[in-house]
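You will see subunit A twice below: alongside subunit B first, and alongside subunit C after that.
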Partner chain A sequence: MFSSYFKLAIKVLGRHRFFTFISLFGISFTLMILMVTTSFLETELGSHPPLTEKDRMVLLPRLIMKKMVTDTTWSVDTTMLDGQPAYDSTFTVGKMRQNSYSSSSLSYSFLDRYMRDIPGAEAHSFFCADTQFDIFINGKKLNFKTLYSDAAYWEIFDFKFLAGRPFQPSEVERQVQVAVLSRKAAVDYFGTTEQVVGRSIEMDGKQLEVIGIVEQPSNSKGYVTSEVYLPFTLMSGSALTETGFHGPFTAVFLAESPEARATIVEAIRQKAGRIPLPNPEDYNKLELMPATVIGLYAYHMMPVQDDPEGALQMFTMVAIGLMLLFILLPTLNLINLNISRAMERSAEIGVRKAFGAHSGSILAQLVFENVVLTFLGGILGWLFALALIYLVNDSQVLGDTQLQFNTAVFLYSLLICLVFGILSGLLPAYRMSKLHIVNAIKFNAL
Partner chain B sequence: MIQLENITKVYQTKVIETTALDNISLEVPEGEFLSIMGPSGCGKSTLLNIMGMIDEPTTGQVTVAGKLVGNYHSKATARFRNEQLGFIFQSFHLINELSVIDNVELPLIYRKVSGKQRRQMAEAALTQVGLSNRMKHFPSQLSGGQKQRVAIARAIVGQPRIILADEPTGNLDSAMGNEIMDILMRLNQEQGTTIVMVTHDETMARKTHRLVRLFDGQQVS
Partner chain C sequence: MIRHIFQLVWNKKRSNALLFLEIFFAFAILFLVLTWVTRNLRLFSTPLGFETENTWIVHLDFYDAEDTLAASETKVRLREELLAMPQIEAASYGGDVSPFSGSTWSTNNDNNGFMIRTHLIFADEHYKDAAKLKLVQGRWFDETDRDARYKPAVISKKLFDESFEGRNLQDSVYTINGENKIVGVVDHYKYHGDFSPEYNVTFFYKPSSAIDMPNLHLLLAPGTPAAFEEDVNRIVADVTGMSDFTIEHLQKSRDLDARSVWVPMVSMLSICGFLVLNVALGLFGVLWYNISKRRAEVGLRRTLGASRAEVSLQFVGEIMIVSLLALLLGVVFAVQLPLMGVLEGEIEAYDYYVAMGVGAAFIIGLVLLCTLYPSQEAGRLQPAIVLHEE
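After this line comes the complex of A and B, so read on.
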């Protein structure tokens, strides 16, 4: 049955070539955008190295200190008492409100003192991302993003090593001058990734031995995307000795399971309430902002203060809204085109019904034909999407994000084609399936 | 084989009410070749459509092959129509995008018949109407008479007990019309298929077992 439908679907496409061209153009363009968007979301939010375990991670990127004060109102009433004026004052204590606010990443001393024994965490790492260094080589200036971390960082984030190894706890402790480079940094500095391990790179006045080269993460997350990775004990300045709460560090905790992340989040929040503040007259309330990988991503995209989960909800709603809008408009357009195409076939539908087709089989046939059309559009859209992804990656318009078209994106694309085909075909097919046989046969000749 | 009891068909619009069939009662025994004649607009095709369960009477009862027709839009009625009835239309109603053999296979698509068996049955039906050498052709490559023979092959491929033909020779010249009529008569005589044919052609009608005349929606003979 479906081979017959398929044959007919292909033949029907040849009936009105202009209509077919318009339909295919609309479908392929829409699907191209949806595929590129899917590729972007999959690249940014998918579970790929070094974030394969992202669903078990809780990040702690911010510490917020607030001064909370109560609103008090003083009112004075004047009355006459024994011929003399008397004053009666009233204080009204209102709600607590925020008087001052300070928010930033955390200091190493704070993390070291309070965040090492978080229940539910299998491992944790403290790191400092996004320090910039200018390096001069052969008269050329290179700007390298640098990330300082402990050794546990490499256990939590599963970077793909092209050569060499990560630094060990003993090397961190002994402040050994070693570095792990990204593929890009190795190529920029040495011109190759071959036999780079063991060579030296000069940075920040230090001679660092390259001990490993990692594949460049394809996403834009600053806590994994860097060019040079160094032991945090090599940090200069007061970053490690500063005793205040604010500093340049971020923490990551690896939960035993995705479900156990809630335990970590709760433990961090509870702990925040028990930590004594150094200057209560300046700030009397401490809050910590634990976040999931996706929550933190949404937090950076959405205008929501200190609430990654709220940001994630808003991000999800905006993303779904935009996707729906983007699907809805071409779908409505395609529905219109399909209705006029289908009406031309009313006599055929009438004959099919006269010979035993019931409404369900007519519905299935027309939806199937539309899915075939959508998949043809999908193939074109896929080719366009590959070309667009190549152009986007080549032009680096998305910065560090290198869009991928992997199996997951391919499967999502198939799903999108199927949903788009069914959605745009269902209404015309339903209308045709309900046609009265006699009216349908009379409508026009085949 | 077909019993119509007090069939009335009224077409109603906001402005006007038209009675297409007025209290028609008719019985078509198994194996009969019946023709229906009458002037244009007298209700011939409406009567045929009601016999074929593709149109619903306003009042009255229809019994086809022993089954009282109830819900005209159900899956069961569609299946019953597929098994018991074959249709031939004046303007052939072949699907231009499909080859001759694919057109003939159409009724079998809605049965649980394998692709191989469908092909064999369609080939047999086309052989029966003398078109075994045109299987791969498309309708646009055929003459009017050949198209109608393809339509007959499509009507008989599922071996229905009843064939309903709406002016099958109406678009053909007399020679081709005679050819089609010969095929229908052969079907009736050799296979005992019950045939009801609407026609304007007195000569063709006289070749059938019985002639029913309609005038203004009423049976006059």
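After this line comes the complex of A and C, so read on.
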């Protein structure tokens, strides 16, 4: 049955080339954009190295200090009491108001002192992704972003090592001058990634031995993307000894399961209330901003202050809203076209009905035809999407982000095609299937 | 005539409803995207107020210096050595907040009896020349400000207009960040990037030697080769004995910052363009089809004496009425945004109204374009032939 539907669908498509072109144009471009968007989201928010365990991570990127004050308003009333003026003063205490506000990443001493024993955290790592070095080699300037971390960093983020190994806790402790490079950094500095392990790179006035090369993370997140990874004990100056709360460090905690993240978030928040502030004159309220990987991503995109969860909600709502609005228009367009085209076939449908076809089977046939059309458009859209992804990656308009088209994206795309096909075919098919036989056969009398 | 067309539209309300919805949503999408684009272009059109071409910023860090006096001397010596090179026209130290870095330091108070909201920037006496700032009033900082009784401040024109219009700057001391004397007003300083709103800005004076002035702004002579950077790098390394400094090309940072708005803006506009093209093609197709189904009706009207133009006008009129009604509904919704002041401060009423106007005009133009050809074709039909078909 479906094979005859299929043949019929192809025949109908060939009949009015212009209409077929309009439909295919709309479908293929809509699906192309949906596929590229899916690919973008999968690249940015999917689970792949070094963020395979992203659903178990809680980051602590920000420490906020505030000074809260209450306004006191005095008012004096003068009244005559026994011929004498009397003064009656009253005051009202206003709401708590924020006076000063300071927000930044954290210092190592703060993390070391307060954040080592967070209940529910299987592992934790403190790192600083904030340093850059200019290196001149053969007259060319290389700007290397440098990430200082402890050894636990490599257990939490599962980087793919092309060669070599990460640094060990003992190396961090003994301040051994070792470095892990990204593939891009190795190519920029040595011209190759072959046999680079064991050679040394001159940076920050030190000769660092390269012990490992990692694959570039495909997505651009500040806490994993870097050119050079060094043991944090190599940091120069007072970054490690400074006793203030603000500094260049970020912390990451690994929960046992995605659900257990809530415990960590709660524990961090609770802890903030119990830590005494070093300078209560300037700031009297301490807040910590824990965030999930996706929450932090949304936080960077949405204008929400210090609230990654709120930002994520807003981000989801905006994304779904835009997506719906975007799908709605081509769908309406296709429905409109389909209704016009289906009317043309009312005679055929009338005859089928007269010979005993159920409304249901007519509905199925018309929806099936539309799905065939959608899949044709889907194939075109898929080709366009591949081309567009190639162009986007090639021109680096998204910076370091390299879009991927993997199985997951392909499956999502299939689903999108199906939903789109059924959605846009249902209403016209329903209308046609409900046609009265007499009216249907008497073409043009609609 | 109009009433008659309304009647015709009403008679086919079911198929017109889809058209109506389509145009309504096309307008809604166009309106939202254009509002955002208008806002960006409006912000883009105001000048940055400082030089980015041929400007480098050497990001140093003296906070770790144990001997602050020696560090101060190093800073001054570094500036002098660099300035001695013919390629460097001006050099100035600035505070931690540097352009396009995204960092902000702001304060607001009403200690003076009126509200002052401003961002704080620290600069030395050379910054005006290094950044080519334009003063509209008063003067920039100079040597004498070092020992001034009240900390001198230079405010931006925007802050002046907002808080100091009509007030005496000459003889008054205002509380902005401590007690300050306002010595000058600069034209613009939009340091968050081309697409950022211009915030109120106040410059405070700090001498070049201060260790919390870590960013060295260099203005290069035009045409300085890129290889010169290695020389600067070497001098900085030699004089300071540091290696963890970076040299930022301000123009590059500006472009990168602007690109983060251009890329989504251009992609959104292309998506919008595609959607609109899609709608246009659909409209064209449906109209074409509808007219081919109403050939007999056209034949009859022509026989009864209607002219070609009248027949064409009828078809254009039908679609126009539906489109205008859809736009009307769209505008009723859209106008709520400026009226309720949604996202006030980020997006101005002006942006909403421009977007509304452009969006509506665009859709009307598009509908006209798509209906014109099929309706003309309808006008050209020969009554004898089409009636014969029937």
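A few notes on this one:
Assume the second predicted complex is superposed on the first by the 441 of 446 C-alpha atoms of A that agree within 3 Å, B and C clash if a C-alpha of one lies under 4 Å from a C-alpha of the other, contacts with A are read in each partner's own complex, and residues count from 1 in each chain.
One rule holds in what follows: contacts are C-beta pairs under 8 Å (C-beta built on N, C-alpha and C of every residue); 3 or more make two chains touch, one makes a residue touch a chain.
These numbers were taken from a predicted model, which means no experiment stands behind them.
Annotation for the three-chain superposition on subunit A: subunit B and subunit C fit side by side.
In the superposition on chain A, A:Arg352 contacts subunit B only, with no contact to subunit C. In the superposed model, A:Phe133 lies in contact with subunit C only, and not with subunit B. Geometry note, superposition on chain A: angle between subunit B and subunit C about the Cα centre of subunit A is 100 degrees, to the nearest 10. With both structures placed on the common chain, the touch criterion links A:Leu81 to neither subunit B nor subunit C. More residues of subunit A lie in touch with C than with the remaining chain of the pair subunit B and subunit C.
In the superposition on chain A, contact of A:Asp204 is made with subunit C only, not with subunit B.
Look at A:Ile339: by the touch rule set out above, it reaches subunit C but stays clear of subunit B. Using the contact criterion defined above for the overlaid structures, shared-chain residue A:Val93 touches neither subunit B nor subunit C, since it reaches no partner. Taking all C-alpha atoms of subunit B against all those of subunit C in the superposed arrangement, the shortest distance found is 13 Å.
Within the complex, the subunit A residues that touch subunit B are 1, 3-4, 7-8, 11-12, 14-15, 347-348, 350-361, 437-438, 441, 445-446. Of all residues in subunit A, only 18-19, 22, 25-26, 29-30, 33, 131-134, 136, 139, 141, 143, 203-205, 236-238, 303, 325-326, 328-330, 332-337, 339-341, 343-344, 397-398, 444 touch subunit C in the complex they form. Contacts from subunit C toward subunit A in the complex involve residues 15, 18-19, 21-22, 25-26, 28-29, 61, 63-64, 227, 229-230, 233, 243-247, 259, 263, 271, 274-275, 278-279, 281-282, 284-286, 289-290, 293, 346. For subunit B in complex with subunit A, the residues that touch the partner chain are 49, 52, 54-55, 73-75, 78-79, 81-83, 86-87, 89, 91-98, 102, 105-107, 109-111, 115, 154, 158.
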